[in-house]
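If you scroll down you'll find the structure; I have some questions about it.
A, B, C and D label the chains in the order they appear, each numbered from 1.
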Amino acid sequence: MQTLRENRAAFERLRLRPRVLVDVSKLDMSTTILGQRVSMPICVAPTAMCRMAHADGEIGIAKAATTHGTCVCLSSWSTTSLEDVAQATPDALRWFQLYVYKDRVVTERLVRRAEAHGYRAILLTVDTPLLGKREPDVRNRFELPPHLTMANFVSEGPKSEGKQESGLALYVASLIDRTLTWEDIKWLQSITKLPIVVKGIITAEDTKIAVEHGVSGIMVSNHGARQLDGVPATIEALPEVVATVQLMNQNRPADKQVEVYMDGGVRRGTDVLKALALGARAVFVGRPVLWGLAYKGEEGVFNVLQLLKDELALAMALAGCVRVQELRERPVVVHET
Amino acid sequence: MQTLRENRAAFERLRLRPRVLVDVSKLDMSTTILGQRVSMPICVAPTAMCRMAHADGEIGIAKAATTHGTCVCLSSWSTTSLEDVAQATPDALRWFQLYVYKDRVVTERLVRRAEAHGYRAILLTVDTPLLGKREPDVRNRFELPPHLTMANFVSEGPKSEGKQESGLALYVASLIDRTLTWEDIKWLQSITKLPIVVKGIITAEDTKIAVEHGVSGIMVSNHGARQLDGVPATIEALPEVVATVQLMNQNRPADKQVEVYMDGGVRRGTDVLKALALGARAVFVGRPVLWGLAYKGEEGVFNVLQLLKDELALAMALAGCVRVQELRERPVVVHET
Amino acid sequence: MQTLRENRAAFERLRLRPRVLVDVSKLDMSTTILGQRVSMPICVAPTAMCRMAHADGEIGIAKAATTHGTCVCLSSWSTTSLEDVAQATPDALRWFQLYVYKDRVVTERLVRRAEAHGYRAILLTVDTPLLGKREPDVRNRFELPPHLTMANFVSEGPKSEGKQESGLALYVASLIDRTLTWEDIKWLQSITKLPIVVKGIITAEDTKIAVEHGVSGIMVSNHGARQLDGVPATIEALPEVVATVQLMNQNRPADKQVEVYMDGGVRRGTDVLKALALGARAVFVGRPVLWGLAYKGEEGVFNVLQLLKDELALAMALAGCVRVQELRERPVVVHET
Amino acid sequence: MQTLRENRAAFERLRLRPRVLVDVSKLDMSTTILGQRVSMPICVAPTAMCRMAHADGEIGIAKAATTHGTCVCLSSWSTTSLEDVAQATPDALRWFQLYVYKDRVVTERLVRRAEAHGYRAILLTVDTPLLGKREPDVRNRFELPPHLTMANFVSEGPKSEGKQESGLALYVASLIDRTLTWEDIKWLQSITKLPIVVKGIITAEDTKIAVEHGVSGIMVSNHGARQLDGVPATIEALPEVVATVQLMNQNRPADKQVEVYMDGGVRRGTDVLKALALGARAVFVGRPVLWGLAYKGEEGVFNVLQLLKDELALAMALAGCVRVQELRERPVVVHET
């Protein structure tokens, strides 16, 4: 799995250029995303079916993120309904990750419910017209365990249907709309006032189209290397997306600046530093949050986020940066020679 | 074995550039090779002595390929006669792979029999004036097992002759014509109307000569890294062959366009995508077909081809390509930086 | 740990260009640093708490270095007081490594004591406003063992305070001055006449500022890859520092030439050769000295230095260099292609 | 040991460009070195103390090389006297490898004896003013076993003298002339009419000086990575030496053309092909010959040379080259991209 390796390896090919003798006694890691302040540029990516990892599930994750003052994304395929998550974390900064179903009535209802329950953005995943080939899921005939449900839906969850197949792959093939095009962004905009962030773009070409279609943000993502194998690491794709957005932002009003985020392979504070230095406004983490959840529920997630926060603070201090903004203003990162 | 490693590693150095929000509900993987439609751009390379792997042998492979609606190449050194294969798969799209024997009478008869039995092209292997050094074959004193024969010939099959030697290497040294030159292409054209595809070209220089000699197609191949070690991976050699052919095709009538194929190390749908994006009209697979054959005869081959077909379909969908033609029209593949 | 690997790997990416048929019967490895002659361009880097490795501790190291006629740096955090080291090695060429404490009275006293006891330079470590993340120290809840003290101070040494934390990290966080800036160099110059060498610079940008602030030397160092992970190997950073200093030295009087040293990953005579060829006036070694100390106290350190000295002599001879000066005058080192 | 690895790895970074449909029925691998015909461009490098590997020793090697019609070099440090080797192989094409002793009387006698006994060239090793650091030899306190002698000398062979040291390193340090310079080439020319080949040059700079001093040949060698570690692989150094010699040869009469050879890491026929394609007139092999000797004396050496010969023939045929000369006339080798 070339891309899974690359998501990590590409970070290690980048070199930091620290500056010394800077007063680092007062660090400010906070930033805003879509106008909302977060305590750090590290947020939680949407991951499906979290209650498989721990009974605390999506609510545990949302609580831990909220305690940290950062943003959490809820997957369409959560095992807790978006309403229950909202109720458990009323003050949370929550985004709703959307998969568009063939049944547009289902989809529309999902979006309206998210809007109604205080989710602040629609994170539209665009890299999953079909599910990537995940061989362990095939081997294990992946199914949602009987005691859990796709809680945002009344319909049944993924079943492997007695085949040597991933139940989730079958589910996507039968229910998710693979005819989705850029035109549908307009439809989405017509049914919600929420800002739209497209998740899964890794080329300058698509970035341009996305901005032209009025999205508010772009999440550079290869779905944690779970969709098309062979695509570049996200940290490698980030610069071309950032450059395209920066150019297009010049012609846009100050309050309509498109933001770029990234996820994929972020494991260390120095990874965050590198991503920010290459132009990401914030990073999102997937697996590490699940590892924390599996280990110790909400507390485990809290600890994982704390580790990353501490590491970022330390990395900023040792690099001589006191505000995240600075990271974009000087060459903190260079490619290996 | 530098080239064996490279045939795989070079694929992994290529990066895909997927496009999103393309309607991928209707994929068309079909294409034509030498004017014949195939259901997918994945065909079966010629491999010698298939009945060593499974009793289904060459007929099993041909049937599986035909069920899939794709092309199969029969080796000169098949353990089933070309007539028997033709009879068992009358509707198959079959090519005949030719080794030119010192005894030109034998060679001519072989070509005429292939033509008479409905093979659609002569795939002339040009990288084997002598057999490559295959150390396991030497160690094992490779011989054709007694119950099998080189079924296209009356003469005896490879024997190691009591020496610490590969019987096949001795066979080639004594029977195959190592004086073969481009002039002989003309001779071949004089004895058959079948289109000729040369197999084993990996340089622009030889490509030019081949096209000048009126071949219909070029198979970029290093014989699965079994001949000269140290040559580049075929996916690395492909671009220079494609560029040369494209240039020369400009001066040729529409119905005389030379086609380029490749084999070597294709194991995944994304490999096929990469090869097509770099200009191959179709890829051919060798070992994976034999693995399927060894595992479960015709059914195993069918499964291997199905796996590749499914993976290609998925890869196309996730890359945002709905027809194979598109792969050549936009930069789906780039080299790693 | 990317940088730890790189500190070694980057040396191995450099290629030597030896010259032959040079009379190498009389080698001269001596050089001067800050005007003091050393028998070889290999000195001892400051390392904290040496008595943890062996009872001979800092005195053992200083004696061994002095026997070899080279320079030794004493850490602020030595387990032997700077006075005791001075008394045990009155003729030694000693530098004092300074950490600046929040309590400037403590700091000033330290500097004045070093000056009073014959230390010849202040080696100001600038890469440690906070301690790097050293996971083994966290896991082991690193503390100074009870029988040892931070002998230059009356205050207590690092305690992990019952937390799952490195005691040293807590110590640094509470006591070391993370507000330190370039302005403080002036303060330091106001309280001592000793030349100041800044340790921990790896960019051209900071080099320029350092020279402008009147430092006498720059130690290219990443603290043995113990501070910010992800920074380049020091041998990779060296050239840009050297180039900057060389340019600025052109405008400075002959007796005010700034010198460049390096440490990090030096393990072989050929490493020294490479560093010198890239412009370092001398290299400093950290871990190898501690390994020698742990193995056999003062004698072990002596042996380690002897090994390096012998290897450098051999490397110079085989490279066709008879004086260290020559190494800078011809291209002894090139990067791999 | 960076260079030891590189001597092999650098070969694997080269790619062959084979041409097809060339009549390869008649290969000619023969060439001349210093005007003497050899049956193949593969000769035997000098290696010291061969009788440690097998009782057949230097005579066994010389006989095997002679049977193959190729050139063999006898080390100054042979365990068979040059006279005995000459007597056992009167028709051999033998070169004498010279180490220059501090005692020039000893050296002169050696050269005159070699000339008198039919050695055809003096192969002057210039990379060994001191012995490289060979850690196994140090650990094992290498000594010549008591039943063997440095048979070209009356003095004693290498003894470790009770020290933890390589006896050979001590031997070289005490007896070999490390004051040797290019001037001494003239002295050598004054005492012998034999052509001089300098062994151990890997830079363009030294190549130029060597040619100016009237040498007949240059052996690009890093002593099998046994002298200065960190130098480039010889196959990497070869091109700059070849380019320099080619330029200088243009101003020299046809019968005074300087020849370039190489040794280091040649293990396969394709390695020979690569070296020749990059301009070497012949390659020399060290370790493989010793392996053959250790395995089975003269016969083992014969087999090793046969293997290399067969592999070269096969590689030439598969690359479409029928004479070694052709290898230099077209781009058979390119660097990896």
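Here are some notes:
Simple rule for what comes next: contacts are C-beta pairs under 8 Å (C-beta built on N, C-alpha and C of every residue); 3 or more make two chains touch, one makes a residue touch a chain.
The model shown is predicted, which means the values in this text are computed figures rather than measured ones.
Because subunit A and subunit B share one sequence, their contact can be compared position by position; here under half of the interface residue numbers appear on both sides. Rotation relating subunit C to subunit D, from a C-alpha superposition: 90°, rounded in steps of 5. The mean-CA centres of subunit B and subunit D are about 43 angstrom from one another, to the nearest whole unit. For the pair subunit B and subunit C, the distance between mean C-alpha positions equals 61 Å.
In subunit C, no residue touches at least two other chains. Under the stated contact rule, the graph of chain-to-chain touches is a ring, a single cycle where every chain has exactly two partners.
Every pair of chains that touch is listed here: A-B, A-C, B-D, C-D.
Those residues of subunit C lying in contact with subunit A across their complex are 2, 126-127, 129-130, 132-133, 178-182, 184-185, 198, 200-203, 205-206, 209, 227-232, 236, 335. The part of subunit B that touches subunit A in the complex is made up of residues 12, 14-25, 268-270, 273-274, 311, 314-315, 317-319, 336-337.
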